[in-house]
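Two complexes, one shared chain (chain A), two partners (chain B, chain C).
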Partner chain A sequence: MSDLKPISALGAAAPRLLTLGTLTLRENPGLGLASLALRRGGTAPSPFGLTLPDPGGWAASGAYAAFWTGPDQWMIEAEGRGEEDFAAALKAEAPGCSITEQTDGWVAFEITSVAGGAPLSRLMEKLVNVDAAGFGPGHATRTGLEHMSVFLIRRAEDRLAIIGMRTLAGSLWHAIETAAGRLVAV
Partner chain B sequence: MLIPHPLLGPRDAQEFTYLGDAMMIDRPDGLAEGAEAAFCDYVFQRDNPAGLHRELWFHEQGDRSWLVVTRNTVTHEILGAELARDVALARRATDTPADQGDAQ
Partner chain C sequence: MTRLSGGLIDRDRKLSFTFDGQVYYGHAGDTLASALLANDVRLVGRSFKYHRPRGIFSAGSEEPNALVELRSGARQEPNTRATVAELFDGLEARSQNRMGPLNRDLLAVNDLMSPFFAAGFYYKTFMWPRAFWEKLYEPAIRKAAGLGSLSMQADPDHYDKGFLHCDLLVIGGGAAGLAAALTAARAGAQVVLADEDSRLGGRLLAETLQLDDAPATEWIAALEAEFASLPNLRVMRRTTVFGVYDHGVYGAVERVADHLTTPGAGVRQTLWRITAKRAVLAAGATERHIPFANNDRPGIMLAGALRAYANRWAVCPARRVAIFTNNDDGHRTARDLIAKGVEVAGVIDSRKGVHPQGSYPLFDGAVVSDSRGRLGLTRIEITRDGDSQWIDCGALGVAGGWNPNVHLTAHHRGRPIWDPEALAFVPGADGPAGLIAAGAAAGRGELAAALADGATRAAQALADLGLAARLPDLPRAEASPAGQAAFWHVPGKKRAWVDMQNDVTVKDIVLAHKENMRPVEHLKRWTTLGMATDQGKTANVSALAVMAELTGQSIPATGTTIFRPPYTPVALSVLGGGDTGRHFRPHRLTPTHHWAEARGAVFTEVGQWMRAQYFPQAGETHWRQSVDREVLAVRVGVGLCDVTTLGKVDVQGADAAAFLDRLYANTISTLKVGRVRYGLMLREDGFAYDDGTVARMAEDHFVVTTTTANAGLVYRQMEFARQCLWPDLDVQLISTTDAWAQIAVAGPQSRALLERVVDTADLSNAGFPFMACAELSICNGLRARLFRISFSGELAYEVAVPARYGHALMQRLMELGEDLGATPYGTEALGVLRIEKGHAAGNELNGHSTAAMLGLGRMVSAKKDAIGALMSRREGLAADRRRLVGLVPETRSGKVTAGAHLFTDGAEQTMETDQGWITSAAYSPHVGSMIGLGFLENGDAREGEILIAANPLEGESQRLRVVSPHFVDPEGGRLRV
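Entry: the complex of A and B
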């Protein structure tokens, strides 16, 4: 069998990294994702010690985090576990819930600011029709970005994650890079 | 245009797709007497009111929930939105007190 080389969602051997002004864009290949949905009448578990957040929310605990995706439905994130069977680990933590592996369906871009939250708010204003001022740390939502469906997560005042469909990774990176580049040009 | 999502607050209408009259929640029983006539009405017959209209919208680029949106078709004013799931469950609770609810 020939040597198979793993590549990132953007098709390179190493995850892409780019700094534009005060913003740094980073492809995050290590993020494990699995969705968790309650069965009818079920009660919310607390996998890995997480308190599953209310609508529009994101909650983190150590290397794990969860964000709300729909009624009785959440996405669970595991930093650094993108190459493991994370769904199986989550299944053991949340018996009686419906768990679906999601890691390979998505690409995660982490955007960091070295100048506080203002550049991230301005980037959001260019990219999505979501109230950027009301999108503080702990907020997460799904919305449209240049006709692509994405999740936005405000992980901290100076950190924003955009999770989009993996097959559209190149287009999504291009959209973010273009908007961030224009912020620098102003 | 903004749609007041009951869980997420005001959201851009571009995130939604439109299905049609909210009467489609009341799907007839296909095994009952007169099912053919009932389905003929269900599939083809629609009121076309100038004024208040209850309609189904899908939050496709959002939490993917179905909403029942009350809209004025003359002014395009949106008067309210509720989760279609809540509407259907409430209706089922009043229609069938002897809980046949889990059959679906």
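Entry: the complex of A and C
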């Protein structure tokens, strides 16, 4: 294990956590990410037992999950493996595919509601031009948020992940925090 | 004037407010307009051009007259319609467009000079002397003719934005809108109901018409209760749908806190973009007036407004009123006012043979032909069959019929069509797709018809979407017939106002007709009719009717008035939305940003990036001291710079090498694994596009870098090439710019420093030569990538680690390199170092330079094709003889200015004799003077020549000597040691 100490995308030793009303925002540095793209004519593998989802989809299996990012292309998530060389592990699971390390290309903000899906719908209304009513559990999409490109994943009725570019972490957190804070202020 | 009985105001809640400094009281539920009328304030402003006294004309968002300034300090807000400003405790309002007190406005002198201000006056007068326009005439006219003033302070409030999606958007919460929303919501559709008012009901709130033999408010209350229980219906009050945009997107502004003293922690307004599969436009109708002589006095208003003030707000501007009408609706106003105890001095009906509908004097076949009252109406002149008489009254309601609010249906250049029965323009068939008008907005404003139409249209909209809806049981509505006659204005010699807001009279239209400004578009611009905040809501159709009379054509043959967004004024603040200041746009922070910040770095914005520009140290008082020190540290020791911002793209696949051969001008496929090559991309037109490095990590795996500025563009270009140009190639791409923190370690001591962090690799010149790359581990097992590349001309490397470790790696390198002189350097030093080495950057790669100009002509391989290669050989480009040169001042202390143009010594300085220009300049601590790079005609053959660098903008002229662009180590020995 290296003796270098990592910092979070928001620049601190510990990930940021904030509760605003019924919503909790959590920076998730433990999320390992690697992209998986099929070679021309290749068939989709089932890394870690995952069934790679169709466009707009997200599928989970235990600590692993995958969401569609383009034709023949997915992002594979591994909870708790942010510090490891997760791309190497995925490569072993998906031989013959193009795998690229993506963990630190992104920052994942996990948003949890203690009042069901409604507060998440309200939050989405203020952040993204995506119809929350048609974005139930198992949906993932890429969209714009305050001039930033993000992935949006509905992990459960009461859980939404917003995955943005790591270097934009501060601006993205600010946008989410502001919107969530205004829901409380109303 | 005391309040009338009834109304929808909360008499238990008294609110104080000021108008022009005077304290008044109103009630919750009042608008500023109703509260002013309740306090006997009829005069509220001055007209645009003539500064005529003006009062409240309407009871809604169509108001042309009662424009006021609200609030004070930074929240001062001009041109707000008093008729839609909800009263709150402590509201401050002021009249505007006046000089001196409102009742003695000095600029009222304009009214005496009205012959000079006729239609198009500013096109005809003030033409001479020409220079006077900007300095004298225009400022004077602006001062005299105008609207409110700005505070010139930043808006202290927050504005928000949001997105909604629905099956059906119902625009307007009156009878038709409520029926539509009810029908759709009960059918289970996702429904948004938006209304500009603070409460639902629309015109029902202003009427005494009964529903199921009970006040309409009872039906509305029951509906609201049901609405609250329907989760699929979202009711948005105080929300104006102001525009229809492509693909079923509607713009709406929700006035979240305009009715509060301040928004507190919340937002003032929210801009909503509503994506609706279908929309029902139930925006109601706007009453029109009938122009007659001096019809603009305070106290003269729309009859429907007079009725609304009495019924909803329990106020009337006078004890004794009269009604001037061409239809039955005017009589209804008279009946309602009498029921409230107001004395009706008479109903003047242009129609002959009509009968009174209540106990009031009726003048049938008569018109109002003039009025009196300096600051407010006192008398009107009634003319019947040539005989005139004056009667006293303090208010006059004018009922000229109703214009459907077709505005939104015209937003995709839909053209309303003339309905000769309704005597109005109704929505045409070519309006925005999916938008269906209902009720009064469709010309079906009679109450029972409006209710039924709302329900039917909603069901029709849902049927389009495959949703079945049952029509609800609608309440039985009291009849409200219109019985209208085509009567548009009272002819006469005196001025009769058509457009109150812009002071456009019948005479102006006659003049426009005389001057051949007859098409409606010309009429508008010649007279300013229909402009400004009300966009002619109460004027346009009347003006068309007058013009039709003059041309002898029908109204539809004369023209059609169409509309564009916004329906009512929208504040720029809410359109801007979101953050101002620091968070105005997103910022990208490098992995070492916080480290650099802690060291006191000065940052510069590079696109979205915040980059360390230089790192000042104690005792340094000028940025040049810091930069010179940083540059020298790289030349003699080792410098560290975060270069994460350079774009990185991971390229994999069996055809990755072939793909890169087509993308780069030079050959990539011959690159060996573990080696890096400098790559040059051309644009399709043959000009140089971007440069970077290509590292081959495996046979089928490359990592390419781009410039910081072009990172996104090049990646997009690569994806385009992959997906569209050569989809047959087996190539996979993904950006890894953010994933890796990349630090440049540059300088003669860089190898010594890196050897202290690398775990096992051999970094000797033989083991890891110039342009080598490797995946290895550092600091006891952290995966890393090492590239031996140099931007500075020194022995140099770039080391990459997962971004989260960038901060710690920088710290570690600084600690371990202390004895080697490790020094962080910023973008300024980076720039100096690359100019000293003669490397091209954004200043040279500006889209106007060719590979040959950059001295890279031989990189464009003739052995293969690549994007832009063919076009780079076309005559126009290939013949360009400008070449990149180095420039130094003839005397050491001389200046080199980027942007200056180069001329042969002694030659005339003209466009024709221009020899090139300076692209980059810096002070070089290595050379000991300023240096520059530039493009010069035949530059590669002019070394040693003295040129003149002319900077005429600043009156500067410098003598410069042409030298090699490589000021440092032209043989490249240093980076290969």
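In this section, the second predicted complex is superposed on the first by the 181 of 186 C-alpha atoms of A that agree within 3 Å, B and C clash if a C-alpha of one lies under 4 Å from a C-alpha of the other, contacts with A are read in each partner's own complex, and residues count from 1 in each chain.
Definition applied: a contact is a pair of C-beta atoms (placed from the backbone, for glycine too) under 8 Å apart; a residue touches a chain by one contact, two chains touch by 3 or more.
What you see is a predicted model; the values in this text were computed from it and never measured.
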First (chain B), second (chain C), both or neither touched by A:L168: second
Which of chain B and chain C A:N129 touches, first, second, both or neither: both
Touching partner for A:P55 - first (chain B), second (chain C), both, neither: first
Larger contact residue set on chain A - chain B or chain C: C
First, second, both or neither for A:G11, with chain B first and chain C second: second
Residues of chain A that lie at the interface with chain B and also at the interface with chain C: 40, 129
Contacting residues of chain A [partner chain C, same complex]: 1-9, 11, 29, 35, 37-40, 73, 82, 85, 98, 100-106, 125-126, 128-134, 146-148, 165-172, 174-175, 178, 182, 185-186
Interface residues, chain C side, partner chain A - complex: 160-165, 190, 264-267, 273, 275, 578-579, 583, 585-591, 593-594, 608-609, 644, 650, 652-655, 728-730, 732, 734-741, 777-783, 801-805, 807-809, 812
Chain A - residues contacting chain B, complex: 40, 55-56, 68-71, 129, 141-144, 149
Complex contacts: residues of chain B adjacent to chain A: 7-9, 11-12, 14-15, 60-65, 83, 85, 102
